[in-house]
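In what comes next, chain A is part of two complexes: it sits with chain B in the first one and with chain C in the second one.
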Partner chain A sequence: MDGEVLTQPVFRSLGWTWWTKRPSYALVFLRETSSVFIAVQVVLVLVLLHKAGQPAADYQAYLDFLWNPGMVVFHVVSIAFALLHTYTWFNLLPQTIAIRVMGRRIPGLLLVAPQFGAWAVVTGLIIAWVWWVGAG
Partner chain B sequence: MRGRSHEPIWWSLFGLGGITAALFAPVMIFVVGIGGAVGWDAMTEALAHGEDGIGALLRHTPVRAVLGLILALVTVHAAHRIRHTLIDLHVHAPPAVLIVASYGAAAVVSALIAVVLALF
Partner chain C sequence: MSTAIETTIKFEVFRYQPDWDEPTYQLYDVPYREDWVVLDALNYIKDTVDGTLTYRWSCRMGVCGSCGAMVNGYPKLTCAAFLSEYMPGPIRVEPLVNFNVERDLVTSIEGFMEKLESVQPWIIREDGATDDLKSEYLQTPDQHAAYQQFSMCINCLLCYAACPVSSHSDEFIGPAALALAQRYNLDTRDEGVEQRRDVILKDEGIWECSFVGECSAVCPKHVDPAGAIQQAKMTGAIDYYRRLLMPWTVKS
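Moving on to the complex of A and B:
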């Protein structure tokens, strides 16, 4: 099961500073925090899509905001959190399902590796598509 | 005793949003926020205003539909996780308030995404 379902009772007994108690708890906290950065990024994309339908000057002003150095730092931090989410989410699968072949449980790596493969393909295809549109 | 929990409904949407975010969030952040900003010309051109730029990316209805679905699922995922994080941080609010605030915000954002993409 997912971490928060299992770990909640533990965190309840430790008080609200549970995430300072152990490095593994801190990692859980960082993983949960990824959702805040991802939510903000979704809203930034929503505004971008809205501005795309507005006059060019309005849209360009938003791009200038989105691409100013301070915001780029924020995007880099966001992408680090997003990658932490990707890494931890893919690694959850062996803990949530157990596939047995000829009576033996198949290794977790066989469940995790294809997900990273799919991630690489999806990421590569989207970047290639955007690049192709921009270069064309 | 509480009544039957609605948690499984939220959890299955959360799970679907979790895999969606795992697959798409990093590349989305890169394409929108980083590629063009750091001077990758083709990325800058692709995000430029008008029919040759972002208009070309969003021209086809299936693209907008899939993009909307991805964004909505990621939104629900983030809302669910933020709600659980607030509970884990011992934020003292009635459960109903947290549920309405988190999933309500997700519903509003999802609706705005649908409207913006439909009107594009």
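Moving on to the complex of A and C:
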């Protein structure tokens, strides 16, 4: 060996398929992927608002585009992703904010529950508004 | 004369020596004992079957943090992984991922030590008064409770092995070091927030974390490094806007 030090360390990583290796990783991967669908949804709504100010034929053509089978499937997948994203992020809040009262950290439920409550109220208001507009 | 048939469990242990081209897995049959942990099995192998097997361990009670390994693909302290949880086997033991392997189950932690040192995980006083070892800084139980969870880290590095970001970025400071930075930033005796600021807030600091959260799931001391990092993000964001909107409140 002539005094030569043999050190050839091997590096082992989780690799690029890390998200397939555990259910918890897969859930995070889906949560992050959901952002793409939500971003596309936002763009579609912005275009819808723009089209609302255009001639009626343009607006109707865009509505027809949104109702084609491919777009309907996209919207169904998007709503599933939006629900997953919202549910998972709401549940992560207690880790993000440490509020201490009388020296004790408040239970996570007190941070999570108001979010779901507010979500339910806002959803109810939107449904009521859509129903009211539709009925009117 | 009757002979009881001894129950055994099969081990597949990662083997690598610096002068080998490739790592390999070696199979061992280990007697099953209900009260044995994976570390006991490794000690059995080393003592009675193959003395060349190399691994780290010390306290055998989940305090020293030196016996971490991948057990069936999950980062675990081998002193806390009971064989009964893995029956009937086999049990595959590998070195922690996301680190260079020096030999068998021994990884190199030099990179981690540099990252740890970069966040200055000790109490810093602006007046340097801790140097005289005589100063006393009182702290209430509530003030202590604010950072106590993050101070439980034993540097076992399981969190790094669970972190996909660490897997793809050598520069990411990582869960344990960032949790310890947050631990000292929350300590009322410490005045080193500004000194740690650049390291924590740089791209390879807290902002590289994508909140996978697995670091907290595997932590044997319930430190919750993911929580520490997110709380540091919150503080960092507030600090950014304070500097932007109220620069006169920032100490020069």
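One rule holds in what follows: the second predicted complex is superposed on the first by the 123 of 136 C-alpha atoms of A that agree within 3 Å, B and C clash if a C-alpha of one lies under 4 Å from a C-alpha of the other, contacts with A are read in each partner's own complex, and residues count from 1 in each chain.
FYI, contacts are C-beta pairs under 8 Å (C-beta built on N, C-alpha and C of every residue); 3 or more make two chains touch, one makes a residue touch a chain.
Keep in mind the model is a prediction, meaning the values are calculated, not measured.
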More chain A residues touched by chain B or by chain C? B
With the two complexes superposed on chain A, say which partner A:F11 touches: chain B (first), chain C (second), both, or neither. both
Check the residue A:I99 against both partner chains and state whether it touches chain B (first), chain C (second), both, or neither. neither
Give one of first, second, both or neither to describe whether A:A113 is in contact with chain B, with chain C, with both, or with none. neither
For A:I127 in the superposed arrangement: first (chain B), second (chain C), both or neither? first
Output check: A:L46 vs chain B and chain C. Expected answer is one of first, second, both, neither. What do you get? first
In the overlay, answer first, second, both or neither for which of chain B and chain C A:Y25 touches. second
Considering each complex separately, which residues of chain A are in contact with chain B in the first and with chain C in the second? 7-8, 11-12, 15-16, 18, 32
Please output the residues of chain C touching chain A within their complex, sorted ascending. 16, 18-19, 23, 73, 94-95, 97-102, 108, 141-142, 145-146, 164, 167-168, 210-214, 216-217, 224, 226-227, 230-231, 233-234
So, in the complex, the side of chain A touching chain C is made of residues 6-16, 18-19, 21-22, 24-25, 28, 32, 92, 95-98, 100, 103-105
Can you check the complex and tell me which residues of chain B touch chain A? 11, 14-15, 18-19, 21-38, 41-47, 49-50, 53-58, 71, 74-75, 77-79, 81-82, 84-85, 87-90, 109, 112-113, 116-117, 119-120
Residue numbers on chain A that touch chain B, as the complex places them: 2, 4, 7-8, 11-12, 15-16, 18, 32-36, 38-39, 41-46, 48-50, 52-53, 56, 59-60, 63, 66-67, 71-72, 74-76, 78-79, 82-83, 85-86, 89-90, 115, 118-119, 122-123, 126-127, 130-131, 133-136
